[in-house]
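First chain written, first letter: the chains are A, B and C, and each begins at residue 1.
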Amino acid sequence: MSIAALELDLDVFSGPFDLLLTLILREEIDLRELALADVVLAYLDHLERRGELDLETATEFIVLVAALLELKSRLLLSGEEQELLEIEPEQAAEELLARMLDARRYRAAAGHLAQLFAGEHGVRFRLVPPPPSLRRAIVHQADGSAGGGRDANQLGEAIGRLLLLPPTISLRHIAMHRVSVAERLAHLRRLLRRGSFSFDEAVRDADRMTVAVTLFALLDLYKRGEVDWEQPESFGEIAIHPSAHQLAPTALARGAAHAEAIAG
Amino acid sequence: MSELAQVNAEAPATPHAAQPPSAQHEAQLPAAEHEAEQEVPALARTVEALLFLSSEPLGAGELAEATQAGEGAVRAALAVLAEQYAPGRRGITLRELGGGWTLASDPSTEDAARRLFSRPRAATLSPAQAETLAIVAYLQPVSRPEITRIRGVSADSAAATLLDRGLIEEAGHSQFGAVLYRTTTQFLKLFGLRDLDQLPDIARWDPTPEEQAELRERLLRAGEARGGAGAADS
Amino acid sequence: MSELAQVNAEAPATPHAAQPPSAQHEAQLPAAEHEAEQEVPALARTVEALLFLSSEPLGAGELAEATQAGEGAVRAALAVLAEQYAPGRRGITLRELGGGWTLASDPSTEDAARRLFSRPRAATLSPAQAETLAIVAYLQPVSRPEITRIRGVSADSAAATLLDRGLIEEAGHSQFGAVLYRTTTQFLKLFGLRDLDQLPDIARWDPTPEEQAELRERLLRAGEARGGAGAADS
């Protein structure tokens, strides 16, 4: 499956991933409103369901999400970087309050409109074009002064607009490192042969793209049952061990001691 | 008037059946001699509304079904309306046409109607209307689903307005049953074109002139690439 | 006149069926006491015909131009018609809507109309559609991202439906290229509005100062809680 067809069901959008990108580019979806984490979670769910990792789509996905993340951070920080970073809880609350009040107003106005609409129930209008005799008259008189020449160039312009292909997402602002998943897989396996290690060790001095691809390689190894990994706390160290049941199917206990035992 | 007389004859129970209806004659009488008709009976009111809304003549059977009244009662209601809408009394007349009844404007008002409809209404086209008209002009005949695919959003309302203004018209059906549109003579006149060959060459506005494919194909491809907001909506 | 009464009895139970058929009552009055309305003045007849023919509301100016009469005379003719088409008198009513006058069916005839045309007058309005419509009505021209920002959730599908139903239309592009929307005459027609000024001031729905204070308090507490959690994370 191409990553383009990944079905998303998010707060601000539901539909395929490629449509989401298009809408963001056309500014019909505000990137600032989009929780990118939800997009990533949707992709992980999708991986879970499929039960296998297609490395090509995975790479494509990482690149696109990274691009979106960077775009979004630029949007959020543009112009007022300092202020945004130092926003006080009071300010944030005021801003939120203004938004909530706006939403409430229009929800109430919507109620009013719904009432008006219901009040007009049963009122129908005649939607019948004028009889042909009168329409012929229109044509007849149209070439006179009454017609008013319209500019046919208007039509050419419209076609020009419609021929316009949307820009493809520009990734030029991202340094494109060619990091292959195969290479990172080999790297991880090399480390595994020596026993447990931390993710930080595995990606020491690497750039962000390499870190991301290494994480994918790690996911792949996990799927294949070659590694176990754990992260005791959020943003903490990720400890990676050779898969326990590869060595000893009954050895379920994991942890540093166990890992050391194996390493020893 | 002979049809109307027949209506009455077929509905003997109405008070009008006894008097020969001759609105023409009555119009010459002082108002005091008319039956008081300001309050139209409920069934006649309903029949009046149905005739007003329908673009096609309605038969007594159809009217009876819709109003859930007897056909005799419907004919009586029609007789009441025939009297009220007798020629020369109002701007609208009730006519029997093609086995049914229909409301039509009185011929005496035709000059004013012609002036009304020949007025260039809303001098400018909305962007949606201009796009829809351009697609029809360059690709005709073209179906509504195709227009929607190219524009990425529904063109129904724009197409209806263009139809209303006599700039496009229906041109049969596609093999899949969708209505096809083409431009009208009115369109050519309004845009000062002798014929369709005089439509401006789009090369001037073509953003990717190097593309070789046929215009229709390119428009459809671009429309779909733009993402068919329609896809998200459906 | 008893036959007429019977006609009424056969009609479906519209709200008007309850009233005694007044034709009977009126017949007892000397006809001279009625306003003499059978003879509609020529100008009113013509205006009536134009209103009948046009699917869009017509303004006094347009009517004056088409009838080649003065605007004052047209307004007088409209007053005559307004009397004749006063609600409840006929199956058709004269309404001032969407910046002009238009004829519409009387709501009491809706059941029969639905049976005849076998479709409801208009689909219902979902809450999302109503909210989107309210935002467009008050803020027009307004872009889809703005609508989304205010609603907090996507308005794409609601906006597409409203476009489809002709309640909103495109109104050019914002400086960032997003399509702008505005409401249509169709919106005014379907919501019984003469013009947009008839919408109540949006400030009418502002929460009371107490409610605002309470909201602010709640937000502040939530903000502090989040701020604390963030500090712990970093």
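We adopt the following convention: a residue touches a chain if its C-beta (ideal position, glycine included) is under 8 Å from a C-beta of that chain, and two chains touch if they have at least 3 such contacts.
Note that the structure is predicted; figures quoted are calculated from it, not measured.
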Which chain has its C-alpha centroid at the greatest distance from the C-alpha centroid of subunit A? B
Which chain is in the middle, if each chain's centre is the mean of its C-alpha atoms? C
Can you give the whole-Å distance between the Cα centres of subunit A and subunit B? 47
Approximate Å spacing (C-alpha centroids) for the pair subunit A, subunit C: 40
Approximately how many whole Å separate the CA-defined centres of subunit B and subunit C? 21
Within subunit A, the set of residues that touch 2 or more other chains is 13-14, 23, 26, 28, 124, 126-131, 134
Multi-chain contact sites of subunit B, meaning residues that touch two or more partners: 49, 52-54, 105, 113, 117, 119, 127, 164, 229, 232
Given the complex, residues on subunit C that touch subunit B span 1, 3-4, 6-8, 10-12, 14, 16-17, 21-23, 26-27, 29-32, 34-40, 42, 44-50, 52-55, 58, 62, 65-68, 89-92, 103, 105-106, 108-109, 112-113, 115-117, 156-157, 160-161, 163-166, 169-173, 184, 186
Name, in rising order, each residue of subunit C that touches subunit A in their complex. 52-55, 93, 95, 102-110, 113, 121, 125, 127, 130-131, 133-135, 137-138, 144-145, 148-154, 156, 176-179, 189-193, 199-200, 202-207, 212, 215-216, 219-220, 222-224, 226-227, 233
Considering only the defined contacts, which subunit A positions touch subunit C in the complex? 11-14, 23, 26-30, 33, 89-90, 92-94, 96-97, 99-114, 116-117, 119-131, 134, 234-235
Can you check the complex and tell me which residues of subunit A touch subunit B? 13-16, 18-19, 22-23, 26, 28, 124, 126-131, 133-135, 137-139, 141-143, 146-166
